[in-house]
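Next come two complexes, and both contain chain A; in the first it sits with chain B, in the second with chain C.
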Partner chain A sequence: MNADVTQNPATPARNLLARIGTGHLVLAALLLAYPLVSSDFFLTQIGGYSLIFGMLALSLSLLAGYGGMVSLAQISFAGVAGYTVAIFGENNSNILGFGWPWWLVMPLALFFAATSSALIGWVSVRTEGIYTIMITLAVATAAFYFVRQNYTLFNGFPGYTGLRAPIVFGVNFRDPVPFYYMCLVAATLSYAAVLYAARSTFGLTLQAIRDNPRRMRAIGFDVTAHKVVAWFYAGLIAGLAGVLLVWFNGRISPGTINVAAAINVLIIAVIGGLKHPIGPFVGAVMVVLMQTFAIDIVGAERFNTLIGVFFLAIVFFSPDGILGLWGQLRQRLAQEDLRSRQ
Partner chain B sequence: MTANVAASRLQDSGAYALELDSVARHFGALVALTGINMRIAAGERRAVLGSNGAGKTTLFNAITGDFLPTEGRIKFFGEDITDLPPHERIRRGLRRTYQISQLFGGLSVLDNIYLACRGVSRKRYSLIRPKPSDANRMQAESILHAVHLESVRDTPVSNLSHGQQRQLEIAMALGGAPRFILFDEPAAGLSPTERRDLIEILNALPAHIGYIIIEHDLDVALRVSEYVSMMHNGKLFKEGTPEEIENDPQVQEIYLGGGHG
Partner chain C sequence: MRIHRRTLLALALATGLTAPAMAVAQAEDIKIGVLATFEGAFTVLGEDGERGALTALDEVGGMAAGNKIVVVRGSSDASPDSAIRAARKLVEQDGVKILVGPLSGDEGIAVKDYAKTQPGVTFINGSSAAQDTTLRDPAENFFRFSTDGAQWMAGLGTYAYNEKGYKNVAVVAEDYSFPYTQVFGFMAEFCKAGGKVPSKSWVPIGNKDYSSVIAAIPDDVDAVYVALGGADAVNFLTQFQQSGGEAPLIGGSITVDQTVLTSKGRLRDVLIGTPAAGPTADTNDTPEWNAFVEAYKKQEGAFPSPSLFAHAYYIGMKAALLALEETGGKLDDDGANFRKVLSSLSFETPTGKVSLDKNRNAIADIYLTEVTEGPDGNLLNKLIKVVPQVNQTLGIDEAEFLALGAVSRENPSCP
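And then the complex of A and B:
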């Protein structure tokens, strides 16, 4: 009887832990403890920034890895969210800035990002492969030039400054530690949602559409509608990253969403690997570290070359990115293990 | 079966499953289908025979909407479906299989069949993982059993053998509540044992499910159909019972090259 009483409440919790998995628990512990050992610079410029760009790449990974649709416009949807924060919240630029509270502005920003993503998705799902890339590249380029030339709504070249993360219940999210944890929560939510939903009915339909859209129609699915819904969810994640990005920078300008940034997101996703939602975050850490420290190694003029060479090496040795390298390594270790037992 | 299978079937069910009214399909100057008139009763099992390029698969594509006919109307259980997109036709109970397997290589066998069941059901956009007690999941398990694929239930489809993929191709058409199925050369590339299994699966289908089967193997075609339509150069040129078709001199000339047993 006593044993029953102690065991019963423990079982669901133990099941949950087992479902989350040891790897995830170790990673969570490390990420939670990271502020204890790191400086403010490493906390925000490396930690927070990697998590934000990891989310952007995750939003691309959702479309490309599961849906087979490569988009270069994810940074543009982040930009939609960022400009929404600037226009509807407070800014220092003396233009617009309605001063709405953060809890109103943030959902609005996500909604605008997701719907604009769904709209661009609806336009581009009629195409496939390289043509989707071209259309979304055109969208990203057009968005950049549009916000740079439009002063009434987007304040053109300088954009908006003075965009501050809120103070909630006395916690100032502009401070490094709270800001890092806010990014960590947002990234964890996005990651867990994608990981869970990949095996959901909608997740399965998306992967099936990637594998064979014709058969999907022949078993009763509206392929176009499913793709557009996927773009909506991808826009939601990109929008969340966009809000965090303007709070990180304290500003948004056309430079935030230029073509270089759009390609950066793609590079992060490819370097990390598209097969698992952890890939974009691994890629983001690598790229952010390189972008921060390559200048010290090879000088200010050559740091992009170093990133380029690293990108080429990854793509050359492992089409599935760093995740693929990890997979190869595990396979080799398993083989060695088998051999040593024989 | 009597010679007038279609008529007797019609009396039983009171409806045509499929009515094609002067359906034609052109690809530029190429006439792939022309003047096809066909009436198939609910529950009827029909074979369509013809040499390569006779227009058999084009006929299927026109019926399912994979591409639209250039001319003519198509009715499914009395409803004009000529202008409906493919998925809407499927939701009305039409199904098809493909000559070259069209499967979801990255998903497991069970997930493939599960999606085939879910496609005509509700909650297609659900972000919840399907439970084992889910109605579609349970139907998928029973179809898995019916087509003898239990042993590869959780295997990614790209790892299956050719025979297993053909088996799954048929399973994909059985999800939901099909009323009429188009089988496009289901026996292509199968071993003799697998062919026997296939005939067994087709003959075990519930009586209300009608189908058209395209089949090059006469032995298979004649054992699973009540009535046969012959196609040549995009036209229907002869219809009859399997016996009539087998013994028709014109058919032997064109399709069997005159030398068939």
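And then the complex of A and C:
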């Protein structure tokens, strides 16, 4: 059913550049030029890592922003993809590791992530609001404890090590610059897909369902099916992020997908703002910078307090996250502008 | 409006471009990274580790060969991922050439793997004590002056069998590489002496409810060997006492450590008389140890007696400082000379002489202890016996020792 609803309604042929928009072009140029000015650390540990967590938060904001379903289990779907890479690809933990090539493992990982997401979605669309959060939190917690205690499939606490990013045409994708561009391409694809889907018939239907499911059902739309498809797409994005995350870390263990990580994703989405798909990425950059450097500002004992206070302040001053702050600022500037013209 | 937007954009651009440049470190002082668990279930242990490292630094007035030492801290939560992230930040962003840490078993194995990708940086272990951090597939630039968890058990198995008369012992331990190593060390001696271990329970880190574990302990065992750390040990011991557990205990090195003995509650009834072994003993009364305790107590928030984490980080930091002193603080050859000096370093610590084997793992004295009540009501580890100069293969021939296989949930076994 999704094949026909995702069709873009015929738009008048416009200049492609104009459709993309100046803001996006400037942003793209900046991101493409970023490796020229940054150290390897800022390229991967800040840049790549922010893009990966931005994608995870994007998959949450796709569900929450357009579908009204807040999920805490996105990190678990990333974990499904990550463990798939470890089990079917190569690892050096001497457990499983079928050694399949990356071009086979990666689609498989995405498929597993998306399918498990759709399955969990199918269960949780019967709930609403806080209950969706509870049920997905339960899923995330259960997934964490399961992989930590299962040794035959997931190798328990230590997890899998020695997971390598592919080397294609002599380019090692774990080297800082190729890795950054790989993350950038993946993030751009996910971002563009969400932007596109939001304006498609499917996206509009989903938003209508978010606003009034009963009315949509009365008109004759299959509410559950639309929601489950949204979960499937969100799972795809989370899975892509999960694959990049294990290539980035070179390893995966239960610590990668614990409850703290699940909540981290939610925090990133909320800090950035759920109103626009750029929000998660803005939030990810802020959160990653904070988590990396807070320990240098206040020392080892209280750095988590500083991070907490910062998040509290953002949510307090702008319930819409950093995007909301930007909106407020723009409004004020516009007013000032009008005043100065008088 | 357009003007404002452009100004803002330019501002954003400018800050974005300069921020990475500003953050690039430029220092003439020697930076040493200290990686410990400042968050999660092992926070108390990590903070005491840091105290140990700072004690070593204070001894030399924060200077080595005329260079000021700057400590940069990195925090993990005992998971290997977080340890790697913190280590990467210290090495790749802060530019430390010497890193002391990490604290926990699997973190050590992960950091060892990372060390292989950073040949110009010297990694000196904190207190992580998994066997395979140095025994199998070691990294050239990873040094452990603090001995491993199997070494820490030296003398305990024989003591439990011969002196205490325990023939059947059940094992309760956390489910990761460090407790595997500890159980291995204990059972190697205990099974050799003739003892049997009919049941082993592996519990996840951070477990809160031990009722099913306690119920699964067979009735006919003479004692229970417990290798749990921090909050887990306190939770287990409390519940064991409440459920009327009567079997005497045998302690892993961190189970009856100061981080557990100083906790509040009715633990003392079950704990007094518990034999254990480890790299330190609270009632050690050599002048070197007493001087160390005095120096340690000057640190903020110190325990009555340094925990083994403080001790391990102290030894690691001390080794780094001694080697720096000898090389004149020079690390310009990517630390090659520094590491050469480290490899052949042999020095007197508060707990006797420490030197390294060919895998850069320590050979050191191990202390057999028993929990007693101190003069002011504190619980202390009373020194029973010193096992001198224990090496990583526990005195067994290396080939024979390697043939015993890697430590795991199943290995060793003597039901």
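Please note the rule applied: the second predicted complex is superposed on the first by the 328 of 342 C-alpha atoms of A that agree within 3 Å, B and C clash if a C-alpha of one lies under 4 Å from a C-alpha of the other, contacts with A are read in each partner's own complex, and residues count from 1 in each chain.
By our rule, a contact is a pair of C-beta atoms (placed from the backbone, for glycine too) under 8 Å apart; a residue touches a chain by one contact, two chains touch by 3 or more.
As the structure is a computational prediction, the values presented were derived from the model and not from experiment.
Asker: Considering only the touch criterion stated at the top, classify A:Val229 as touching first (chain B), second (chain C), both, or neither.
Answerer: Touch status of A:Val229: first partner only.
Asker: Check whether A:Phe42 is in contact with chain B, with chain C, with both or with neither, and answer first, second, both or neither.
Answerer: second
Asker: Looking at A:Ser200 after the superposition, I want to know if it touches chain B, chain C, both of them or none. Which is it: first, second, both, neither?
Answerer: A:Ser200: touches chain B, not chain C.
Asker: For A:Glu301, using the defined touch cut-off, is the partner it touches chain B, chain C, both, or neither? Pick first, second, both or neither.
Answerer: In the superposition, A:Glu301 contacts chain C only.
Asker: For A:Leu333, using the defined touch cut-off, is the partner it touches chain B, chain C, both, or neither? Pick first, second, both or neither.
Answerer: A:Leu333: touches chain C, not chain B.
Asker: Which partner, chain B or chain C, touches the larger number of chain A residues?
Answerer: The partner with more contacted residues on chain A is C.
Asker: According to the stated criteria, A:Thr188 is in contact with first (chain B), second (chain C), both, or neither; which is it?
Answerer: Touch partners of A:Thr188: none, neither chain B nor chain C.
Asker: Which of the two partners, first being chain B and second being chain C, lies in contact with A:Met216: first, second, both, or neither?
Answerer: After superposition on chain A, A:Met216 lies in contact with chain B alone.
Asker: Please report the chain A residues shared by its interface with chain B and its interface with chain C.
Answerer: none
Asker: Where on chain A does chain C make contact in their complex?
Answerer: Interface residues on the chain A side: 26, 30, 37-42, 45, 145, 148-149, 151, 156-159, 161-162, 249-256, 258, 260, 292, 295-296, 299-301, 303-304, 333-334, 336-337.
Asker: Help me check something: in the complex, which residues belonging to chain B touch chain A?
Answerer: Residues 64, 66, 85-87, 90-91, 95-96, 98, 102-107, 111-112, 114-116, 118-120, 123-130, 172, 175-176.
Asker: Within their complex, state which residues of chain A touch chain B.
Answerer: 196-197, 199-205, 207-208, 210-212, 214-223, 226, 229
Asker: Can you list the chain C residues touching chain A in their complex?
Answerer: It comes out as residues 1, 4-5, 8-9, 13, 16-17, 20-21, 23-24, 36, 38-39, 47, 50, 72-75, 77, 79-82, 84-85, 88-89, 92-93, 106, 109-110, 113, 175-177, 204-205, 409.
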